Amino acid sequence: MKEIGIGIIGTGFMGKAHAIAYRTALSAFPHIPVPRMVMVGDVTADAAAKAAHQYGFESSTGDWRQVIANPAVHAVSITTPNSMHKEMALAAIAAGKHVHCEKPLSPNLADSLEMVTAAEAKGVCTQVGFNYIKNPLLKLARDMVDAGELGEITGFRGIHAEDYMHDPQSPWTWRIDPAGGPGVIADLGSHIIGMARFLLGDIAEVSADVRTVIRQRPVARGATEMKAVAVDDVARMLVNFGRGCGGTIEANWIQTGRKMELGFEVTGEKGSIAFTQERLNELHFYKAGGDARRSGFTRIEAGPQHEPYGGFCIAGGHQLGFNDLKTIEMAEFLGGIAEGRSAGPDFREAYEIQKVVEAALASSRQRSWIKV
Amino acid sequence: MKEIGIGIIGTGFMGKAHAIAYRTALSAFPHIPVPRMVMVGDVTADAAAKAAHQYGFESSTGDWRQVIANPAVHAVSITTPNSMHKEMALAAIAAGKHVHCEKPLSPNLADSLEMVTAAEAKGVCTQVGFNYIKNPLLKLARDMVDAGELGEITGFRGIHAEDYMHDPQSPWTWRIDPAGGPGVIADLGSHIIGMARFLLGDIAEVSADVRTVIRQRPVARGATEMKAVAVDDVARMLVNFGRGCGGTIEANWIQTGRKMELGFEVTGEKGSIAFTQERLNELHFYKAGGDARRSGFTRIEAGPQHEPYGGFCIAGGHQLGFNDLKTIEMAEFLGGIAEGRSAGPDFREAYEIQKVVEAALASSRQRSWIKV
Amino acid sequence: MKEIGIGIIGTGFMGKAHAIAYRTALSAFPHIPVPRMVMVGDVTADAAAKAAHQYGFESSTGDWRQVIANPAVHAVSITTPNSMHKEMALAAIAAGKHVHCEKPLSPNLADSLEMVTAAEAKGVCTQVGFNYIKNPLLKLARDMVDAGELGEITGFRGIHAEDYMHDPQSPWTWRIDPAGGPGVIADLGSHIIGMARFLLGDIAEVSADVRTVIRQRPVARGATEMKAVAVDDVARMLVNFGRGCGGTIEANWIQTGRKMELGFEVTGEKGSIAFTQERLNELHFYKAGGDARRSGFTRIEAGPQHEPYGGFCIAGGHQLGFNDLKTIEMAEFLGGIAEGRSAGPDFREAYEIQKVVEAALASSRQRSWIKV
Amino acid sequence: MKEIGIGIIGTGFMGKAHAIAYRTALSAFPHIPVPRMVMVGDVTADAAAKAAHQYGFESSTGDWRQVIANPAVHAVSITTPNSMHKEMALAAIAAGKHVHCEKPLSPNLADSLEMVTAAEAKGVCTQVGFNYIKNPLLKLARDMVDAGELGEITGFRGIHAEDYMHDPQSPWTWRIDPAGGPGVIADLGSHIIGMARFLLGDIAEVSADVRTVIRQRPVARGATEMKAVAVDDVARMLVNFGRGCGGTIEANWIQTGRKMELGFEVTGEKGSIAFTQERLNELHFYKAGGDARRSGFTRIEAGPQHEPYGGFCIAGGHQLGFNDLKTIEMAEFLGGIAEGRSAGPDFREAYEIQKVVEAALASSRQRSWIKV
């Protein structure tokens, strides 16, 4: 397999990020197939054509079904709003295309399961956009956990908090339309839940408080007419992992002042690691034992010793950025396709994450612990 | 009132801290009565005499009742283990002495209530050793909350984590003897619960997971014989404040690598503040609005503009330390006595904190939300 | 001008960075001409062909002159070792090609001046690879200085320190071959000198201590035979800026532990800014005046309000990386070509920077202040 | 020697800090003689009496000579303005009293030498108030250097910058009266020069730029009448240490926004340490070698494993403050007296520091390197 034809549906924030990532992937990962930028689709032909020019696609369309129908397209990235994922993904799968779908997979578990089942039945490779775990330092963190460097794990504290909805005057938008599913617990919560699972495995049960703090918003910026908000803007969870340890997880999109407070602290009997996406090129590591006068958290800076950083830069300290994480993600997707496997996180994993989301919502409604 | 006679019972970590604080108080707070170091008591006369020499007391005793009986003693600091607080405090109160008692007040709510009732009936001033909130920057934080600078409060995240019990080979000690009450939720949890209350007021209900992770420990350092651990070493809570907002609180004494991770993030619709005791001379403040190109969290450094920092140093940036917080605490205790009021946190407040602790324990047992 | 044909000479660290940057430029900067990846050259045809495949060039060559001779190539990136810059650049200029040359421009001032003169005579656009100043936050920093937000500038402290040569067992390589010019003062010093000039303008005079600390190195890794080192590994400078303020600048490639300690503190009578490339998405800003209880350094996080961040990501806090800075650089180069001007830093500016380097070397030899 | 009678001359910022320190010393250092607070002197009897009350002295006087004449006083702390140090110190020495004198020792080298000579001739113990090096982590830093943990030292970067004079509207005061000696190079420069010497030993030569940036100031706050400023407000130095390595040192009291930017980075071939007084309970340590994937700067937090931290607190992470450093200083002074030696830094060391100051001033005037 020397070349993989790429189609992208959607040209917004994520559509662009995918395009940049596909175009950079081979430079950073020399052994993957060449991604060929075949076709991009958007809701209007004009928008798609503009995107094709800017992102370097060979062709464009105002009808997303043409992206899927294009025989030169082998893999499709779906970057449209959540409520459209299912229809597009099922169509792509039916056409035998490999599918990357942005998170969350769909507004509800049943739809997501349908997508998982279809993809597995068809045998196509899938991936869902949980890009933050593609950080080389997150791979190191998981290696440390798996190798027992931290000893028996005793706790997890995770958070994904931003502030893009903190202002009560921020208007009602598609983002808080319940047609798209839950609010922050799906939008940001899925990231930190996925990260928790990436590091520590299954979450077995949850006790959650998921709430809507800002209960109404203007129908438009500056409008006086208000519209009730039905989705959550803060979710707080106590969790028990299948491996036995406990933890807390928070998702919050009204955390005033925080632009990317996505982080965690994993603690074991013999060591701890701490991370925040605000400084994504640093992992803080404490190893118990040794010389007490010299012990403390070590700030590990990302460098070529942390694969696949070296694909981007041969020298440490130069810093990866958000788009580089996206490049790793898409490169792994392409590499997986070449090897006939889903490089992950695949639809199945996204479904597992969503089960935690749904359990948390149920827990909050019932005010009790819920098994995932 | 020109002079207050001081008696201290207990000469360990806290006994010494109290002594240093009393001896420094007047230097930092010129308007309080002179604390006269009258008598110190410990379990042996020798230990007490040694402490008297070192801490500058006029006299000493191996019988704590003599401290209380000493007519020159007007105020007593009780710095002994939790299980002894009640008997000593009640005796001091009965003798009409003002009482500072280290936290937690007692091993259980009923005992604490008895102490509160006795003190209030007698009309003596009381204080309990929640020293961390004496930080000038914590006072600033509360002022900001109270003045509405953060807008409507939308969330609290608090933690007090240390690692002094993280090693499974650390032996069973008095600290984990259930006779002293609960484990970390009382030892450290009371600090962060108290801080939460200081900043945001009453906690109305709680859903908690309080657990014993390290279930047995050697009977002595290096011993092979093991003894079961009955008290908690991690406590995680979802909380609802009486004012309406939610939050999470964690207490943890097996947080490997952390020596003083006592901190919080308070978020409101218009701003946020973040603090950690690891850097106790800094408060991070975000104010929404203003020039977006220049906005961010401001690192406020403690200085004389933050009372009562100026009592310790006339120039900013010089840094207060733990013992300075203790000095503020004791100075406020003395100042309160002079004015005929408990400067706080008093026994009543400690009891309110303990009610949250007990509610969390009940919640964890019943696996449900519990009203405080 | 709808398309600019790109040729790159050299396929190492920088060759790859240029390729990634050109391929991403249009996605982040929609209004520039389309960069067409025409040809890449390296010392062997095989290496060049491999690079063409990986970086997406239409053609490749083992003879760099063919890159320049290619009529479809309008702009050439020279990313070869310093000692080869002059010959290549002059050839490209002679062929009327726009030239980006990596820093430092050449091993000595005379060669650089020849390059500047040739480029200006021919009227081609030039750029030199001082990528770090392309950071959106550096643009903000300069805006602040220029707008007088810091008041009269009173001082500058700048450093570029890394540790890639700190180990005395690191062998003698081309990097310390004097044929390539000075050592760290050219390699890293040029970055921080350029940054100083970017922020504050001309450096008028300098008193420097430029030295070789590790005086010999193995001829190869693990070899016992040693070879003398002739170039500097630490350079420390006192500087006077033309605008009147003083400062210090250090360049150091034996700063053990530092991977990218490129930073500065600019101070004025009314404010200060501080920056380190280790956390390139943050600028720390202090504004004098205002409420003393709430003042401090504000940590400004890069976001779309800081152009051209928004071209990479529509949301703040997502973090740019090193390759993104390179993309901004190349996009500005292309944008400049489209507008018929050098977007800078151009050959002339690189020459001005080199004059400071040479003045520092002279100062160190003569142990006196030297006018630039 | 069971008791040492203390006299303090001066009751301002430093007088108070000395008093607090003496009164706390025995609590933290149980083996030193008991400091007895005998007498305090100030310019008026009233001010002295007030200080005696607040700081716990037995007696007070408006005539500083009486402090020295008091036979119960064995050790005198001189905390008056620089210009008065010499007369007071010589009188105390003549009376056979041990002397602690605040820094800088005197306005000029000749006077300081006279003080050194007198003290050494008389055989009294002396100390000068370079308190910052009393930090337990600074002792660790020096131990690391001395033990060769960093390998051959290759560089030093030191700074002491604050902003108490940054505002051009801050009026002319005694602090900038040339009668007191140089400006910031003596006031803050002596601290960072002393710290450099503490860590790395003798400074052999210096090339400095010492300047007055704010050339006139109002005669009083708010006044329109201006008075010329004769002393320096910024000093920048290139230095060569006697041990062979180079470095830079800066002293600055117009560093807007910085309240206590006193810090350094010491680099060796095998490791580095970095420190800032802004976070005085942290030392950052990098050790070359080991596992590259896990290497980085370790943030060492002060704890009882770093003597004499444990005298203040038995648990790590609780944080020492400025006054605690002062306590260590005075305790060492007292301990030294008990053992018949100057615990340091003594008058001789202060004189050596001042020689560097004077060399820097001469260098700046002559615009050349000057041997110390």
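Chains here go by letter, A, B, C and D, matching the order in which they are written, and residues are numbered from 1 within each.
We take it that a residue touches a chain if its C-beta (ideal position, glycine included) is under 8 Å from a C-beta of that chain, and two chains touch if they have at least 3 such contacts.
In this text the structure is predicted, and so the values were computed from the model without any measurement.
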Using C-alpha centroids, which chain lies at the maximum separation from chain B?
-> C
Quick note, more Cb pairs in contact for A-C or B-C? It is A-C
Chain-centre distance (mean CA atoms) for chain B and chain C, in whole Å, is 53
How many angstrom between the C-alpha centroids of chain B and chain A?
-> 41
So how far apart, in whole Å, are chain A and chain C when each is placed at the average of its C-alpha atoms?
-> 34
Residue numbers in chain A touching two or more further chains are 258, 296-297, 301, 303
Chain A - residues contacting chain D, complex | 140, 285, 292-301, 303, 305-306
Given the complex with chain D, which residues does chain B contribute to the contact?
-> 13, 16-17, 19-20, 23-24, 26-28, 30, 34, 50, 53-56, 162, 164, 258-260, 277-280, 301, 303, 312-324
Hey, which residues of chain D end up touching chain C in the complex?
-> 150, 154-155, 157, 159, 163, 166-168, 207-209, 211, 213-214, 234, 236-238, 240, 245-248, 250, 252, 254-258, 265, 267-272, 286, 288, 296-297, 367-369
